[in-house]
Amino acid sequence: MSHKIKAFGEVMMRLEVPDYKKIEQTNELQMMFAGTGVNFLAALTNYGHDTSLITKLPQTNIGQAALKHIRSLGIGTEDVVIGDQYLGIYFLESGFANRPSKVTYSDRQTSSFNQASIDDYHIEAILENTHMIHFCGIALALSETTRQITLNLAERAKDLGITVVFDSNYRPGLWKDDYVLARKYYDKMLHLSDIAFMSDKDASLLLQFKTNEETEQGRLEDLLKKVSHQYKIRSIACTRRKSANQTTHQTLQGFLLHDGDIVYSKIYPNHILDRIGAGDAFASGIIHGLVHNLPIEETVEFATAAGVLAHSTYGDTPLCNQEDVWNLIHQDGHIDIER
Amino acid sequence: MSHKIKAFGEVMMRLEVPDYKKIEQTNELQMMFAGTGVNFLAALTNYGHDTSLITKLPQTNIGQAALKHIRSLGIGTEDVVIGDQYLGIYFLESGFANRPSKVTYSDRQTSSFNQASIDDYHIEAILENTHMIHFCGIALALSETTRQITLNLAERAKDLGITVVFDSNYRPGLWKDDYVLARKYYDKMLHLSDIAFMSDKDASLLLQFKTNEETEQGRLEDLLKKVSHQYKIRSIACTRRKSANQTTHQTLQGFLLHDGDIVYSKIYPNHILDRIGAGDAFASGIIHGLVHNLPIEETVEFATAAGVLAHSTYGDTPLCNQEDVWNLIHQDGHIDIER
Amino acid sequence: MSHKIKAFGEVMMRLEVPDYKKIEQTNELQMMFAGTGVNFLAALTNYGHDTSLITKLPQTNIGQAALKHIRSLGIGTEDVVIGDQYLGIYFLESGFANRPSKVTYSDRQTSSFNQASIDDYHIEAILENTHMIHFCGIALALSETTRQITLNLAERAKDLGITVVFDSNYRPGLWKDDYVLARKYYDKMLHLSDIAFMSDKDASLLLQFKTNEETEQGRLEDLLKKVSHQYKIRSIACTRRKSANQTTHQTLQGFLLHDGDIVYSKIYPNHILDRIGAGDAFASGIIHGLVHNLPIEETVEFATAAGVLAHSTYGDTPLCNQEDVWNLIHQDGHIDIER
Amino acid sequence: MSHKIKAFGEVMMRLEVPDYKKIEQTNELQMMFAGTGVNFLAALTNYGHDTSLITKLPQTNIGQAALKHIRSLGIGTEDVVIGDQYLGIYFLESGFANRPSKVTYSDRQTSSFNQASIDDYHIEAILENTHMIHFCGIALALSETTRQITLNLAERAKDLGITVVFDSNYRPGLWKDDYVLARKYYDKMLHLSDIAFMSDKDASLLLQFKTNEETEQGRLEDLLKKVSHQYKIRSIACTRRKSANQTTHQTLQGFLLHDGDIVYSKIYPNHILDRIGAGDAFASGIIHGLVHNLPIEETVEFATAAGVLAHSTYGDTPLCNQEDVWNLIHQDGHIDIER
Amino acid sequence: MSHKIKAFGEVMMRLEVPDYKKIEQTNELQMMFAGTGVNFLAALTNYGHDTSLITKLPQTNIGQAALKHIRSLGIGTEDVVIGDQYLGIYFLESGFANRPSKVTYSDRQTSSFNQASIDDYHIEAILENTHMIHFCGIALALSETTRQITLNLAERAKDLGITVVFDSNYRPGLWKDDYVLARKYYDKMLHLSDIAFMSDKDASLLLQFKTNEETEQGRLEDLLKKVSHQYKIRSIACTRRKSANQTTHQTLQGFLLHDGDIVYSKIYPNHILDRIGAGDAFASGIIHGLVHNLPIEETVEFATAAGVLAHSTYGDTPLCNQEDVWNLIHQDGHIDIER
Amino acid sequence: MSHKIKAFGEVMMRLEVPDYKKIEQTNELQMMFAGTGVNFLAALTNYGHDTSLITKLPQTNIGQAALKHIRSLGIGTEDVVIGDQYLGIYFLESGFANRPSKVTYSDRQTSSFNQASIDDYHIEAILENTHMIHFCGIALALSETTRQITLNLAERAKDLGITVVFDSNYRPGLWKDDYVLARKYYDKMLHLSDIAFMSDKDASLLLQFKTNEETEQGRLEDLLKKVSHQYKIRSIACTRRKSANQTTHQTLQGFLLHDGDIVYSKIYPNHILDRIGAGDAFASGIIHGLVHNLPIEETVEFATAAGVLAHSTYGDTPLCNQEDVWNLIHQDGHIDIER
């Protein structure tokens, strides 16, 4: 009778250049560990859910440090496989105002996660007592093996009646801009999904859905309804982001289509401290609302406020708890000091 | 014929999480020493006044470091008592945009300041050659002994014709939300005060004054006039703060009621670097104007600009001098580089 | 059939002045969380044992950060109680050469751990499936309640046949130099103990055992044999430390008395990086050997090498694994780079 | 047939107080090396031009560090003379919001650059194979010898048909407010210049040109046209900066007068990370456009965007490349993450 | 008539955990760029030689930062090829006393250097005007392509009469302990070499030379004489290192066999700040002496002192100049402050 | 009846490269303020003496920061003159093992202290109520004006019966190796001195005293007795330092000649954290003993232990108190942790 929520995904080391410098200006880097699965589960753990990460980490002191970080977040590590040698690394130069942020990857292909074979994971044991499982478009893209593991896990989960969540996270570079290949696998995943996170751009550019709507909002609603209908996906959600001409000032609004109904959150003006991971905070907020059967209006407000707080929080991984999120929703413009 | 300005108040260690991180994300803390009395006197010392802090510090290397800091600010330490073991500590997680700042206290009850008995202080020697003495609602709240010392010092100062300044600084948590108890002691202190810093909220919520005014400004003026009349307080001042929906962007305006006249400063838009201590900078600016008999319009402008600069200055303690403040008042929108 | 090893002890925040500065020279502190129980269990967890910490942490962001740290070490947190407000803090000025290290405590009395009542802990649940439980002289000293909880837990553990480990850790300051009071409780604890960590000084000065032996080694052996006999303690161990006139250069040797046999480890010359926590590393090494029924010669070598490595490791908490320890034992003077 | 671009100018050490603190609050300074010539050439080097700095550095480890920094930027160092003892130093307290930045110089007069005699530089060798040479009003102001070297180099360059670029950079303090003296030398330099960077204020206050225009834009255009005509300068450019009442929020627009035509760039709102060096980035952008015969509209857009990016980049020295600049020009308000 | 000294080798990013922590204890890493070729050439550049590095760097901001670092050292970059995506990374946990240092590699196989084909390098252009070229056993081991490039460059250099230097740098892990394979290629390289850096262990374990000598010194001399004779190598040098049971305290002595004569340097006791790169400093010292035809006694003293100073210098790369080295040789035990 | 101890001396900014790096490796410097006078008085203040510094500081934010630091040390600032523009700066690369420390000065000649005229100081007011005044060979060397101020102050002090202390601190570089000039002024100062700090090298090399003694100790005693006799100096003291072939490991022993009697302290082996300022700590220890009429054996032990502790303390300025010094003297090889 467990309600464990699990996620399959890569853990990477983030090496950030401090103080908004460029990497050529520094001899010091800020290190942390992150990944879509980690971010998603960390937030849900903070909201009181029981979670576990499905991944593979190298058997080195680097892998040990990553494992220690996941444990510290309270995420279950019983599904973490240890083996092989490397952890994926990415470098982050944080942008400022008119200068964009820049992410540079080291080679992910040779990481333990990407080199793992399907036999490394004990699929039946993993899915036992699992209520929900989260996948991400990145694992679908990374390599042939991560793609097969993703699809196998999702199919078996579907068979077992486990709720399948899919976050599109479409990265053209990882597919080497091969839209046809990507579409084939996104199509498979969406047929297996109960809840999806994706935007109207994913629907039109990647999946090739068409619309006659002319407003931005009209296009969004029409396209995602068609996706929902075609793939029998009960819930689709995404954020709408408007930039005030600068990296660090953007507005954020949440969108949720659930059982055919559409709701929007209020629009938050935002000064962004850390750009990465807000989408994962939004996704985990939606899941929190759906799991607890909150009204969909509350669900989208909760998720959006969680995303906004993640932008105000250092690092990829959301760290707020439920009280923090509700406080933002109810504060009504008087944010100051909590003593 | 000294014009020494003194303040009675606790010195605390502030431990700030750097880089807008949460405490669970760091292994490094920024340390400084501060307190309402320290902040208030530091600013006045920078403006050329002769000052002295009345407090008790522990006889440890921590107390020594605090003493060294107070000396560095140029504040007189002849009234500092050394003894007992602990210094109060507070942790600060600085907020960012939509995430509020968070202050967490260690136990203040057992600090040297809070454990001090009235016999630790040589009241007659302290009040000799003193022109003005500053108290704060925090010492009134902390413990039975600090409350008695506050009242004794204030009564004796009143007797000796020393100007008594009282900064309301009402913190419900320190009174465990016991408004009735708080009101009893605020009532006593206000009867002893010549100058007070307090807001309309203090007047209505804490002191239970009533008004029929309906605008925010009307309520402010009516309530504080009533307070002034009831307690025979010659000057009452406060700041008005409006948040642009975010922790770090607020406007600031000063208010001063003096001999029945009311003046407001201009309104400063502000991007806040350090939220704590701006009220103390405002208070010391008002006192600077009153001591030098500046026109009340200049006094409120000086105080507000000082508060605005304190928001732009790292740490609780104001560090600008008179020239910095007048420059801001006169600069008229062209702030750039001083070479 | 569990072999869980548990420890009852306080978690404290360590605030270290960096770069061998004094606290009056810095505005930055290094923060970590530690404690005898944490240190002891962290090492055993690294050696592959299943562990759990019995403690109480405050329900603040500070308590949350401490909990996160314990989780990161892989120590079970199912016996951690959350409640009350404060965490004990200590400041560390690390010594250098001829300058000793200096530890300054904030008030521990008001910490959640010291304020906890016996009802906060579910003793029967805690002791279920427990193989061994570790206590420390600090909890015996801190307050009347921690003393009662220590004794109650130890008595009930004894009844249930759980191995009771007691680390003397005698701190005269915590007992306010009241040897008589201390002796009374040490006497009780030793009667309940199966394994003890204590030195000949504890035996003579604290417990008042006498010896006619004249050499240092003779006194050590005679006194601890008498303690072992008197209290029916199967194993007693300690380290012998010789300082080369400076804080940072000392030799270390281990001693173990087990079933009447006495063994010594080889003597390690050492350049100390971090003085605190080496005793806990030694204790956990002894326990590791005893639990696995290693020969006592290997046990004392393992424990001593673990203590030496802890001196070469930053922080209170031992972080090496079994392989690191055996490598040091077998390396025979060729320590260089592991690639 | 080389197209080397050279600049004559001082290299200074910049010592910046970190974290927006005042110098009295820190015990740590950020160090870098910069100067108008370095900044100007670094940007041009990034855009693919072949460059060389003409300067004198001390023969100490400080001079060595400065030389190493210039080399790292890819600027040619064959014209750098090594000798004498000191390097000029300036301290920077970065302003925040309503608090202005503050620059404090150490003594520049005794630096190697300012003590250099004209014989230290091999003028004929320096000017051989040089296409363009850049001077700055600071070297004209610093001392009698730097003034003579500036004029000698410029005259000889003029004779050899090398394009002479002059950046006004008028600093009243360096001339001790002696406008008459300054005017005499500016007049000489402008007669030798082909391209100049200067504002309408320089034209009116320093050079004493008059205008009847009443709008700000009218005055700018009329005055600089008169300067261009009087001194036969083909291109004059400058930036227009409007402050939104705060140090860190300003708009930036570029202006270019070339062969009698006037163009303006679009206006960029900007949140400033580092105030110093944006003028040099603008100047090098103009030169890049002129050297490559870009249309003047593109030239002014390129230069202004380069200036805007320099404001978003840590340090005095521009570090973006051509692609970064064109991306900003074409991005149209969607700056986010580059992966 | 150039005397350029070149080296073929990989540039890596070194990420060091600061303050002797383990990587699981930090969220901050110190970054620098290094490699045998960089280290070797940097020292020779400091001694006044004209140098150039032959390598391939990725066309990313990481590659740009590496290039900038090499330029800063004064090493020529005309033979650096830019292309592909990744730079090799290694993590360093610096050991302390009884705890060894630990190096962990990210995947080097996919780095630009290791992915480079022989066609990326213009061998004839590279070898033109080259006096001496340095190779290292690491490039021989890394991959089939780096092995072929190494051998091709060495053969063509031999043909052109360029002095070939080979530093054995044997790393069993890179050869996956396949001694037979390694021996085959070491044999080829040694036949092409004029100067070699290798130890008696390389001669016996790797090359399978035999000796009947029984003392350590006898074995060293006999084995390396046989190597010299067999491969017609004029000069062979190495260091002898004795550890005082700890990572950070070792003695260092140099050995040089030249034209059949053998010399030893004096023995330096050493407290090591940075273990990595001292071998490269020794090798460049030997080359400096040989190129300048210093007496072999002076050559070995110079090289050994350079190695000792490299141990006292932060980072892999030697940074001392000739004067520093001679000062150490002549100082005779009075090292203090240079003012 | 005051017993104020004063010192005339320059305050400088020390900029230290952190982590034993060279300045070319860092972009961060540690800043502090120091000087012989500051160091000497800081120690005496810690021992309970009433002190005041006679100096001139610039009227900039740099001068303000220096003043703040002096105040923090508890040194009186009533004799500090504020004016002019610059503060002397020195850079420190801390040596390690076989690499010496390196000090590089910025130009001191133009500092406020060196530009001060004798009229800046109110000599009569300064010397009123002064018990003892300290001078240093550095002020004698720096410039003609500091030399005249030194001599004038010393002559007037001698007239008034104030004890004159002179610390030789002979720096050949500051005298441009002109021994004849230096000897002339040292001769004048020594005739005015009651207590001197100088070595046998100063006596022989600078003052040209001769001796026939052949042992090191014999030479020391004979030469300083002759100095004492010739100049009628009651007390002469110095330290004897022996280096164990490395920068950071030296032994220290104190020497005191007083009223014709000679005493030596015990010899301390030392691992040096900060080389600069130990001489000032020794000097202030001797003065402390002489002022309190301690036996000369205790005086020399106290002074030497204070010097040893200063070597173990970060920064130029001694920070220990009397208890720390006595603890070191009495500890007898058991330095560990003070709790």
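Going in written order, the chains are labelled A, B, C, D, E and F, and every chain counts its residues from 1.
Note that a residue touches a chain if its C-beta (ideal position, glycine included) is under 8 Å from a C-beta of that chain, and two chains touch if they have at least 3 such contacts.
All of these numbers come straight from a predicted model, not from anything done at the bench.
Peer 1: Which chains sit in contact with both members of the pair subunit B and subunit E?
Peer 2: Chains touching both subunit B and subunit E: A, C, D, F.
Peer 1: Which chain has its C-alpha centroid at the greatest distance from the C-alpha centroid of subunit A?
Peer 2: Using the mean of the C-alpha atoms as each chain's centre, the farthest one from subunit A is F.
Peer 1: When the Cα trace of subunit A is superposed on that of subunit D, what is the rotation angle, expressed as a multiple of 5 degrees?
Peer 2: Between subunit A and subunit D, the superposition angle is 120 degrees.
Peer 1: Measuring centre to centre, with centres taken as mean CA positions, what chain is farthest from subunit D?
Peer 2: The chain lying farthest from subunit D is C.
Peer 1: Looking at chain pairs A-E and A-C, which one is connected by more C-beta pairs in contact?
Peer 2: A-E
Peer 1: Just how far, in Å, is the C-alpha centre of subunit D from the one of subunit B?
Peer 2: 45
Peer 1: So, what's the distance in Å between the C-alpha centres of subunit D and subunit C?
Peer 2: Distance between chain centres, rounded to whole Å: 63 Å.
Peer 1: Can you list the subunit D residues in contact with two or more other chains?
Peer 2: Only 22, 24-27, 68, 102 qualify.
Peer 1: Where on subunit D does subunit A make contact in their complex?
Peer 2: Where subunit D meets subunit A, its residues are 18, 268-273, 308-309, 311-315, 319-320, 324, 327-328, 331, 333-339.
Peer 1: What part of subunit A is in contact with subunit D in the complex they form?
Peer 2: 19-22, 24-25, 95-103, 105, 171, 173, 243-249, 275-276
Peer 1: Would you mind writing out the residues of subunit B in touch with subunit C in their complex?
Peer 2: The contact residues of subunit B facing subunit C are 15, 22-24, 26-32, 60-62, 64-65, 68, 85-87, 89, 91, 93, 102, 104, 106-107, 109-110.
Peer 1: Which residues of subunit D touch subunit E once you look at their complex with the stated criterion?
Peer 2: 68-69, 71-74
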